[in-house]
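Shown next, in structure tokens, is the structure this report addresses.
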Amino acid sequence: MNDNIVSYVLSLFDTAPTPLLVFLIFGVAIFILVNVMALIGGLGTYAERKISADIQMRQGPNRVGPYGILQFLADGVKMITKEDIIPSESNKFLFTIAPILCLSGVLATLAVIPISSGFILTDLNVGVFYLLGVSSLVGVGIFLGGYASNSKWSMLGGMRGASQIISYEVPVTISILTIVLLAGSLSFKELISGQGGYPWTWYVFHNPFTFVSFFIYFVSALAETNRAPFDLPEAESELVSGYHTEYSGMRFGFFALAEYIEVFVVCGVAVALFLGGYKVPFGLGGDTIFGQFFQIGSFFTKTFLLYYVVIWVRWTLPRLRVDQLMSICWKYLTPIALFNLVGTATWIWLFENKSMVELLMSALSGSGSTGH
Amino acid sequence: MTLYSYLLISLFLFSCGIIVMISRKNIIAMLLGIELILNASAINFVAYSRFLSGNIDGHVMSLFIIVIAAAEAAVGLGIVIRFFQLKESIHIDSAAELKS
Amino acid sequence: MFDSFLFYLSAFLTCFGAVLVVLERNLMHACIYLLMSLIGTAGLYFTLGADFLAATQLVVYVGGVVILMLFAIMLTGGGLENKKDRLANLLSYIPPMGSLKSYIWGSITAVAFLSFSINITTKLVKSTEINGSIKIGPTVEQIGVKLLTDHVLMFELSSVLLLGALIGTAIISRPSKEIFLERK
Amino acid sequence: MLTTNMDIYIPVVALSAIGVLMVAGALIVGHFLRPKNPNKLKNQPYECGEDPVGSAWANFNIRFYVVALIFIIFDVEGALMFPVAAVFKKFNEVGAGGVVLLSILVFIAVLVQGIVYCWKKGDLDWVKSFKVPDSESAHEVKE
């Protein structure tokens, strides 16, 4: 129970835990993870610009470093040396606290992301539910960012952002509930252990309802992270820059960083819940240290594929209108998600938790044996 | 970290909530006070469940307290907003029509 | 070591947030301090081994109630209170209850009552407290079983409560044409 | 494998603290690097070059509140459903799946009535129009 990085590392060296050792291992692991996430946030902006350039047949950033890959460092230097403007009409306390809420909320979700069977910072018993709760801090942060600026564009963006985030949290929650029904637990390790390394053992192909559920989760998660085609809170053609119109320099940088890390987290959760998580085919490597690398590779490959899809969608689809946004959430996604929930429960009750493929196999073997 | 410390925190939260409810004239501020009071009672349930009985019933009660608090906040704030539309004010003294 | 640190951190957040809610005059700020107090309460639930309740606290309060309150504050004029209510000194937080004599009698009664009740509670606690470390069981499963067996009626009735709250508030806060036309 | 049971929450606290410290640290470091010469025009809220008129903290459309309201009801519904969903499989294994399925169905059916009601009454439509009685019946008033 409660396996995490400390128990894994200690079992490798076969030592008993002491408080110092526990703090040390957690410290190193958190340091690595936060740095990797900052790198992913930075490279996310680079990837976004490069892929969009590719889609629009442009060059994209190509000056700083080979293929412009160091562009994000240049951006960081620019942001930190930029003048920090706080509008005179704004509410300074709320203006300062808004990016902190966004970034803290997103970073705290990283504690339960299962990167491999050993590298999971902590495997809480309420993993998914905790993740939902902590990530809702982002909504408060965006709303306050919009409110504190005391600018009309920011205000509109903040209101839209908050109402969009909270609306789309409902389909996300209900889609996650369907997977919880199948796995019978809320901890990420348990959720993944019900799946296998092959695509037909993933929960997304478990039954027709979870297949629909995956797409509902993905669309709603896109909307929750304010990505296009749901980027109404920062729609540049109508609201200048939305809730971070008045933010400059590093404060804006933290909003952007939080957004890119959140996209990664959302994709990681989609992989863990629906696409088999860190499981590798044939159980390559087993529980050894090499197996861990295979698992990390498996997790990151799937996650970055989804990340690519997110960017691809952003530069392909046009933006929605605000009334369409709300009607999609409440009139289509939520009823379908509720139907999926009931459908999955009925499926488990009728077929005793067997997946489509298992049923097909048993039907085939059954008919084959009777036929002969 | 005994039951006593949790009860103290709960007492403190409860009194803060009462003070907010008494001293503020803004209806939404009074609703904030009610949230504090409900939280204090929920902490009490969980603390007693952990230290005295050892079973999980206290958790279930706290869960229902949270549910009721959410419903209360929704209805209360709905009334406040409608009241603001009618009176252009959320001062508690402007809701004194039933007073003779 | 970390468990006591977590306890003191959460207790500090809870109490400090509550005090600031009392002292803060700007409603928006008070709402943020309430958020701080609620997160501290979630931490207290974690130290009590009630991990599911802590997560519920985060989901329902941080994600729901606080945002609802922020919306309501903004819809009712940004929480800028009247000058009349903006009291500067701490003394004015004490509610008026008559002469000095009543204050003295009131405090004596309060002290006597508190010491009496605390005396009883400590005896009760000392006699029945369970010793040993906190057992973090999977509280989710236990709560689920309780919700489906002992408390199934409350589980179903809470859905009726939520339905009532939803429909009632939808009716109350629906923008009506009378008010709209009146404003025009 | 840990010293105390509470140690599993170290990453939670540490990562939230890092979120706060990162912002504070970057702002403090940036304080020594960045220029600082504010003027009155620069500190105005952005309004496309015009002088800003009035405060943005005005009253907003009540639609936002109705959405938040429906959300919070479903949020609480999720909070109640999670423990039930987590034990559904175990109940199903001992043959009580039908009863649990029924209670889940009743729970969801009651809540679906709420969303159906809001749908029928038009609370879910973002832009709601209504007819103005008698004298101005020619035009529809949009909010």
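The chains carry the letters A, B, C and D, assigned in the order they are written, with residues numbered from 1 in each.
Just so we're on the same page, a contact is a pair of C-beta atoms (placed from the backbone, for glycine too) under 8 Å apart; a residue touches a chain by one contact, two chains touch by 3 or more.
Quick caveat, the model's predicted, so the values are computed rather than measured.
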So if I look at the partners of chain B and the partners of chain D, which chains show up in both lists? C
Determine which two chains are connected by the greatest number of contacting C-beta pairs. A-D
Indicate the whole-number Å distance between the mean C-alpha point of chain C and the mean C-alpha point of chain D. 19
Compute the distance, rounded to whole Å, between the mean C-alpha positions of chain B and chain C. 5
Go ahead and note the Å separation of the Cα centroids belonging to chain A and chain B. 34
Which chain B residues touch at least two other chains? 63, 66-67, 70-71, 73-74, 77-78, 81
Going through chain D residue by residue, note those that touch at least 2 other chains and give them in order. 3, 7, 9-10, 57, 60, 62, 64-65, 68-73, 75-76, 78-80, 82, 85-87, 90
Chain A: positions in contact with at least two other chains: 2, 19, 124, 129-130, 132, 147, 159, 162, 166, 169, 185-186
Going by the touch rule set out above, what shape does the chain contact graph take here: line, ring, star, complete or other? other
Touching residues on chain A, where the partner in the complex is chain C: 2, 19, 91, 93-94, 97, 124-126, 129-130, 132-134, 136-137, 139-140, 143-144, 147, 159, 162, 166, 169, 185-186
Please output the residues of chain A touching chain D within their complex, sorted ascending. 2, 4, 6-7, 10-11, 17-19, 22-23, 26-27, 29-30, 34, 80-90, 99-100, 103-108, 110-111, 121-124, 129-130, 132, 147, 149-155, 159, 162-163, 166-167, 169-170, 173-174, 177, 180-186, 240, 245-246, 249-251, 253-254, 322-323, 325-327, 330-331, 334-335, 338, 341-342, 345-346, 348-349, 352-353
Chain A partner, complex, touching residues on chain C are 1-2, 28-29, 32, 35, 51-52, 54-59, 62-64, 66-67, 70-71, 74, 136, 138-140
Per the touch rule, the chain D residues reaching chain C in their complex are 3-7, 9-10, 13, 57, 59-60, 62-66, 68-73, 75-80, 82-87, 90-91, 100, 103, 106-107, 110-111, 113-114, 117-118, 121, 123, 128, 130, 132, 141, 143
Chain D to chain B touching residues, read off their complex: 62, 65, 69, 72-73, 75-76, 79-80
